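You will see chain A twice below: alongside chain B first, and alongside chain C after that.
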Partner chain A sequence: MERQEIIDGLVEILKTVRTINQEKLVGVTEDTDFIKDLNTPSTEMINIVAKTEQKFDVEFDDDDIDGLGSKVKDVVDLIIKTKEKEQ
Partner chain B sequence: MQIPGRKVAVVGMGGAFPTCTGLPDFSKKLFANQSLIREWDKALAYGKNIRSSVSGFITEEEMGLEAIYSPLAENNYPETYIDKLNRIPDGNLATADIGCIWAMLGTQEAIKMAGWDSKEVQSEQTGVVIGSGGAGNVILRIAWHNFYELGKKTRLAGSHTVDRTMVYREAANVSCLIKNRGVCEAIGSACATGLGNIGYAYRLIKFGLQDRIIAGGVEGTSLETFIGFDGMQVLSRGFSPEESSRPFDVNRNGFVCSFGSGIVALEEYELAKARGANIIAVIDEYFNNSDGDGDMFYPSFAGQKRLWKGILDSSGKKPDVVKVHGTSTPAGDSIELLSVVDVLGESGYHITAPKSQFGHMLGAAGSVEFITALLMLQEQKVLPCLNSEKLNPELEPFQKADNWTGPEKPLEAYRDLIPKESFAKEINTVTCLNYGFGGTNSAISVSRDI
Partner chain C sequence: MDNFLGWEPKDVLVKHGPTKLLVNKYHWHSPRVGIVASYTPTARDVEDHFGVFRGVDQIEAFAQATTGTCNVFLECEKQGLTPVELMEVFLPRFISVGQVIFHNYLEVDDTFISIGNIKFYKFRQMVCDGRIYKVPAGLDLDDYFSDFNEERLLAYDISPDFTLIADLSDITGRAIKKELIDKLSQL
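Moving on, here comes the complex of A and B:
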């Protein structure tokens, strides 16, 4: 799966989170920070992670979630890493 | 301790009421002797597994709300709600169950009516005291089902299971919405919760600890809550919806489990007066106690008599109208009527039972019924006790016991105290009564500002 394809999928998830300002979802890149750039409430991060697992059909380890950064890149890396581990 | 001369005014009110578009519609329907009780499709869907199917319920659509169901959890788990009328910000909706949203909407109405500005609302002297009877049962049931029965991870229920189900969730959500800096708490006393929160709020102002408080009780629509009472065999059945709640009637056979929200804005009297506020009423006194007989459920004649002594001694006012708890249960109504008559006598006042019109709103009952008392003071009309067609012409079994010390006439002798239809009369003072499981009793006396 291409990294841009994953980013597009994450944006689709973010569109379902009503506490995120939807106007900020234009131009999301790997360097976009969920909390600093999108003002995502920290309590919503686990909801985004759970929806990410469902959308990309992966199951993250709890340790990986605990150590997850707040940038889009961090989630993309974790999806790829987890998929590789599952193969 | 109370500060002599310090009084508490009611300056705003709002809420969620079954079948009603808002407070004016609620008032109009009540004084037109209408019932707000309907057949409930959600209960009917369970066929013979549920005894009662009537309720004063409120749908999401009726409140201008829409549930967004989580794509992760099964069984329609409401991830959040959309306010189709844009009254509550999405960030506040994310932490709210349906009852919390009703509490926030009622708060907005009450503050608007009170005329408080943002400086007054966000003051250290402004508090929030709101409670509910049940837990966040709708949220909890589905979250637990996904974890225990379906074997899903905890995170699939999302990160808002706690804030949307905790005991004082309504107070917390309202406080986060209005950003007050004073107290934020909830009082829980079962079916006396609504009045208990208003009573506690009254004391906080009366004792000089706060100047303004948003207070009340809420019970969000929940079949999960309904089935608990249905299983106890205490809900009304066998009547048409509008005839199901029949306090004091000889054929009553249980209460109608209902839902709603009642929120009021209280303010220290002189502050309200100084800013030219419309003073809806003045709270004379609040008094509460416990039966002390160790019985969780059965009402206590002695406990209610002590309640009356407390409220009359401290308020010094005999009411023109007694707004009773009047649930429509066989035991509750007879004890209550006889304790009122024992204290106030056989004439000179009237008894109204709003549950006859909208059922028993549990944790919201006391606050919504307090609002009905305010409406009676405003309209100068007594609300009815619908369906009180015939009172028992025979003595109650407990009246025949050797140790009975109360009135010795059957309930039928007090027929004239209980109007079947609304009527006009001069009303200066209303006493509101509510009781709850555990033997808790609450009374508040509220008067016109004249």
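Moving on, here comes the complex of A and C:
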């Protein structure tokens, strides 16, 4: 799965999060920070990660989430790492 | 263990208290569904507050009874640890409050129950909805809830003699690794 494909999928998830300003979803890149750039409430991050599991058909470990950074890149890396581990 | 019935709250919420622990007893607990727990405000709890138990303490009591307790149970089960062992690695954190509507108030010595149901549990974060009710005087809560069930919990199916005190939604707590908290505190 290409990284841009994952970013597009993440943006689709973010479009369903009412606490995120939808106008800020234009131009999301790997460097976009969920908290600083999109003003995502930290509580919402867990919901986003849970939706990410469903969308990309992966299962993250609790420990992975404990150390997860707040940039789009961090989630992309985690999805790729988890998919590789599951294969 | 099947649930926390028979456990002392101080042995579950081991980092709370004694003056900040706002749960006296568990009366019903279904680990993946929810819990019923009670507390009776003391003179100290209402000190300097005209004899009334503060709304903010009601929310704290509800959170301790629901997200706090239920999260500890499920994490202990998952990791095969006791609550004391779990709290050597994790600390409970009150993350957020959704909506709270107060319908009535509680005074010193008014026993109340927190009825909470688990809406979400993943990555050690738990979200509960529920209600707080004042308990009718003299009621034996253990006996009353001995035949309680999940359907009744979700429907708040209890006697009209209970007085609705508050509706609470999206009460969110999370068990966070101590090492992460330590790392953040050093920044």
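Basically, the second predicted complex is superposed on the first by the 87 of 87 C-alpha atoms of A that agree within 3 Å, B and C clash if a C-alpha of one lies under 4 Å from a C-alpha of the other, contacts with A are read in each partner's own complex, and residues count from 1 in each chain.
Here, a contact is a pair of C-beta atoms (placed from the backbone, for glycine too) under 8 Å apart; a residue touches a chain by one contact, two chains touch by 3 or more.
All values derive from a computational prediction rather than experimental measurement.
> Mind checking chain B and chain C on superposed chain A, clash or fit?
Aligned on chain A, chain B and chain C clash with each other.
> Taking the superposition on A as described, I'd like to know which of chain B and chain C A:Phe56 touches: first, second, both or neither.
Neither chain B nor chain C is touched by A:Phe56.
> If we overlay the two complexes on their shared chain A, which of chain B and chain C does A:Gly67 touch? Say first, second, both or neither.
After superposing on A, A:Gly67 lies in contact with chain C but is clear of chain B.
> Is A:Ile46 contacted by the first partner chain B, the second partner chain C, both or neither?
both
> Would you sort A:Phe34 into first (chain B), second (chain C), both or neither based on which partner it touches?
neither
> Regarding the shared-chain residue A:Arg18, is it in contact with chain B (first), chain C (second), both, or neither?
First partner only.
> In the superposed model, only one of 4-12, 40-48, 58-66 or 166-174 in chain B has C-alpha atoms clashing with chain C. Which one?
Clashes occur only in 166-174.
> What residues on chain A does chain C touch that chain B touches too?
Looking at chain A, the two contact sets intersect at 41, 43, 46-47, 49-50.
> Which residues of chain A touch chain B in their complex?
The touching residues are 16, 18-19, 41, 43-47, 49-51, 54.
> Across the complex, what residues on chain A touch chain C?
41-43, 46-47, 49-50, 60, 62, 65-67
> If you look only at chain C, which of its residues touch chain A in the complex?
95-96, 120, 122-125, 172, 174, 176-177, 180
> With touch defined as at the start, can you tell me which chain B residues reach chain A in the complex?
Within the complex, chain B touches chain A at residues 68, 71-72, 79-80, 82, 90-91, 93-94, 153, 155-156, 158-160.
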